[in-house]
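These are the structures, in structure tokens.
What follows is chain A paired twice: with chain B in the first complex and chain C in the second.
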Partner chain A sequence: MGEAVVLWRRLVGAQIRSQFQYRFSFGLTIVAQFAISFLDYLAIVVIFHNVPRLAEWSVQEVSFLYALSCITFGITDLLIGHFDLVPQLVRNGNFDILLVRPRGTLFQIVASDFQLRRLGKAAQGAIVLVYALASLHVRWTPWRVVVLAASIPSGILIFSAVWVLFGCIVFWTTDSGEFTNAFTYGGNFLTEYPIDILSAWLRRFLAYLVPLAFVCYFPALYIFGKPDPLGLPRFLEFMSPVVAVAACAVAGLGWRGAVRHYRSAGG
Partner chain B sequence: MIEVEQLSKRFVVRRGRLRRERVVVDAVKDISFQVERGELLGYLGPNGAGKSTTIKMLTGILVPTAGHISVAGLTPSRQRIELAKRIGAMFGQRIQLWWDLPLIDSFELLRHIYRVQAERYRTNLARFRDVLDLGPFLQTPVRQLSLGQRIRGELTAAMLHSPELLFLDEPTIGLDVVAKQRVRDFLIDLNRDDGVTVLLTTHDLGDIERLCERLLVIDHGSLIWDGPIAELRERYGDERTLIVDLEEPAPPLAIAGARVERVDGPRQWLRFRGSAAELTARVAASARLVDLQIAEPDIEEIVRSIYSSSRGPAGAASP
Partner chain C sequence: MRVDWEIAKRGWRRYAAYPWATVAGVFTNTIFGFIQAYILLAVYRHRDVVGGYDPADSVTYVWLVQALLMTVQVFGWQELAVRVREGSIATDLSRPIDPQRYWLAYDLGRAPYHFLFRGVAPFVLGALLFRLHYPTTLAAFLFVVSLVLAVVVSLGFRFLYNLPSFWLLDIRGVVLLVVSVSLFFSGAIVPLAYFPAWLKTVADALPFAAILQTPVDVWLGKAHGWQIGLQLVWAVVLFALGRIVLARATRKLVVQGG
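The block that comes next holds the complex of A and B.
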């Protein structure tokens, strides 16, 4: 495990060094990412300009959701966003190269890239988080701090699991990955808003099937001490880390199945 | 080194966009062969004959549908990672080097992926740098390399961890004559001096003629030849071709002891056995000749004649 981390750092370090060769374009894309992501936030501000509350949620609370979603999704994108390239890898046969190396395929893909410019989104999320926390007057308890601190790594793992799991589908469809994007980028968009504004079937889908509600919604309810407008069981508010680990286990199994399929069907 | 017994691979392909139809393709059908340590072996066949599928099963990329494989004492499909440490693979049309990084960085990363000892890495790299003349472009990003330079880089990448067995899929594809020769010399050295077993698939008959003593030929998933090249030539290669240029285009010539294989304007190709002098005299008697030349059989032609004579029972040509 430790050796794998060292190797990951080496592989990713080499990528970062090569990205720095084009400093100007690198800087430009970071700024662009930051700005584009800021437009998303602007949408929220515009909505609250017209309505004082969205369901039971104030602008500060939604800002908090938005920020948490941005940070976790931004970091996930940074770590494994290049999973979007898996369809290409499967179609042009370069996935074979990974299979003749003495390392796991999932590891090799994760370590194959690291787009530092994607930091723009996470950075913007961090700024909004500071604003939201400063204006929210949360009554902090030790448990609330723990839930907030745990929500970020849990959120990253949940997003990663969704990303990997839906990425597995291309091994069967050899599609371009549009379907996966609907769940990854689309999922990111949904987590920016409180799920109780969504229709019931979509809420259940997010809470139980694709567990994106555990990225922001449940931790936020606990931190604000807000009664769940949906009346879902309270213990769910603590379940993000458990859900994260379970989601990763499912994703790992899904990946194994996908690779097994590739090795018997030849991609 | 390699043992293959009754190996088969069947794919189920779905065709069509809307009404999907299941089509079963037998890419490899019941092939068996053995390779001794230190052999340099050619694996030949037309496109889609099953060459790549075989290599993919030998390297552990694909799981066989039926049959048994042992490579370096391991079962590729089940011991993929164990096997990967001991074999090298290079696929001429795939890129295993890091596109945006300098060549040397790719080697450095592979060294860690394969856990190559620092000492051995230095020795190997120094050697390949000399033999393949990598020095001038070691610091160049891979995307800026010429094809020949990149292939030399790929070969080095496949050999850095000192594998006992090297799989090369079309290693000289697209290379110019000089670059081809360099790659071939390198493979010969590797095989002779280090005893590396090499299995080579190629379209390039020059590769086979210069490198390999033994040849496997596969067609439609079945092995149709396994034996020395010399014997193959002896058995199928006694027909020669007389190429004649006539004064003007003419219908195919009717000459005893020869048959016209091809006509292209005033030029005709005649296949024959025995004396060229007699045939030439007969041709000169029946048409006005401008020029002529005689082509010795090359392997491609020999392979074609195995194909045509093995259309009956598959594998019947195997000695």
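The block that comes next holds the complex of A and C.
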């Protein structure tokens, strides 16, 4: 495990150095990434320009959900966003190369294409988080601090599990990976808003079965001390870390099954 | 004309070759459509009309946007830039057909494919589950006209933002930036009718509404005749700019490798 971390740092360090070689382009991509998330946030501002509350949620509360979603999704994208390259590897048969190297396939993909520019999204989320927390007047208790601190790693693990698990589909469909986008980028979009505005069937599917509600919604309810508009059991507000670990276990098993199913394209 | 038709057929076939990608894309558009529809419907718990849109208008907007995203290619297109980077542009420039004409013909072959196979299915799924607004016969006809113009404006714009590739080795940053700005001001994320006045002024001064919001508003019966005229104006302006920049770019072109 320790050796894997050392190797990861060396591989990623080399990629970061190479990205600094094209400074103008690198700077521009960071600005672009920042601008994209800013425009996403502007969409929320535009909606609240028309209504004081979205269902039972104020602009500060939705800003908090948005910020937490951006930070966790942004960091996930930074760490494993290059999973989007797997469909290409499967289609052209280059996945073979990963199988013959003396390291796990998952590890090799994670260490393969680290793009520092993706930090732009998380950085923008952090700015919105500061605004949301400053304007929300949260009555901080030790437990609320714990729930907030735990929600970030939990959210990253849940998003990562979703990315890996739904990325496995490509071993069967050999498509361009767009199915996966519905759950990864779609998951980012979904968690920016409160889930009680969704219809019941969509919520069951995307918030509970795919456990996206545990990224922002449940931790936020606890931190705000807000009664759940859906009237769900309160212990769920503490469950994000447990759900995150469980989701990763399922994703790990799914990945092993998928790799075993891989048939080389014979490239 | 014959050559344009042949190129257009290639454009259609290039995308028809990957049926699974189409199915996956439809699925993704549908999921996004559902999420966006419920967000906008939540807005109407406190108001009946927002910016002239009632709930049925807003939900129709959502499904039309999901249906047209691929047709008008708002998510970024770098095929021209790739040809510049690889050096194949040298071959393109020596062909007896103007590059803008070539790409327009190609894109007018691609767009109907995306409209039929990426657009119709998500819209029908949306129509089955939500109460939508349907156009009159006249509005439906004008919608088709406006959509064709939207594709042309979109190509004019895409052609233009691919041209920095003649000067820069890596234009990902440029593309990411212009695509995100154009996406927002095309009305793909929130309807332009929801915008506060100052932001609406910015949107009106830019060509991006002509790429998406105008055909949607024509469908909803909320567009004025001059807006279709404006699409035509933007098409001409963007193509003219593309020509000027291309002329300057080819003068300094150095093909790498080859």
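Simple rule for what comes next: the second predicted complex is superposed on the first by the 262 of 267 C-alpha atoms of A that agree within 3 Å, B and C clash if a C-alpha of one lies under 4 Å from a C-alpha of the other, contacts with A are read in each partner's own complex, and residues count from 1 in each chain.
Keep this in mind: contacts are C-beta pairs under 8 Å (C-beta built on N, C-alpha and C of every residue); 3 or more make two chains touch, one makes a residue touch a chain.
Worth saying up front: this structure is predicted, and the values here are computed from it rather than measured.
After overlaying the two complexes on the shared chain, residue contacts for A:20 are found with neither chain B nor chain C. Touch criterion not met for A:140: it reaches neither chain B nor chain C. In the superposed three-chain model, the partner touching more residues of chain A is C, compared with the other of chain B and chain C. Shared-chain residue A:264: touches chain B; no touch with chain C. Judged by the touch definition given at the top, the superposed model places A:96 against chain B, while chain C stays out of reach. Touch criterion not met for A:172: it reaches neither chain B nor chain C.
Once chain A of one complex is fitted onto chain A of the other, the partner contacts of A:11 are limited to chain B, with no touch recorded for chain C. Overlaid on A, the two complexes show chain B and chain C touching no common residue of chain A. Those residues of chain A that touch chain B in the shared complex are 7, 10-11, 14-15, 18, 92-94, 96-97, 99-104, 108, 260, 263-266. Taken in their complex, chain B has these residues touching chain A: 11-12, 53, 56, 59-63, 77, 80-82, 84-85, 87, 89, 91, 94-96, 98, 100-101, 105, 108-109, 112-115, 141.
Chain A meets chain C in the complex at residues 22, 24-29, 31-33, 35-36, 39-40, 42-43, 46-47, 49-55, 173-179, 181-183, 186, 189-190, 193, 197-199, 202, 206.
Considering their complex, residues 18, 20-21, 23-25, 27-28, 31-32, 34-36, 38-39, 41-43, 45-47, 50-51, 168-174, 176-177, 180-181, 183-184, 189-190, 194-196, 199 of chain C touch chain A.
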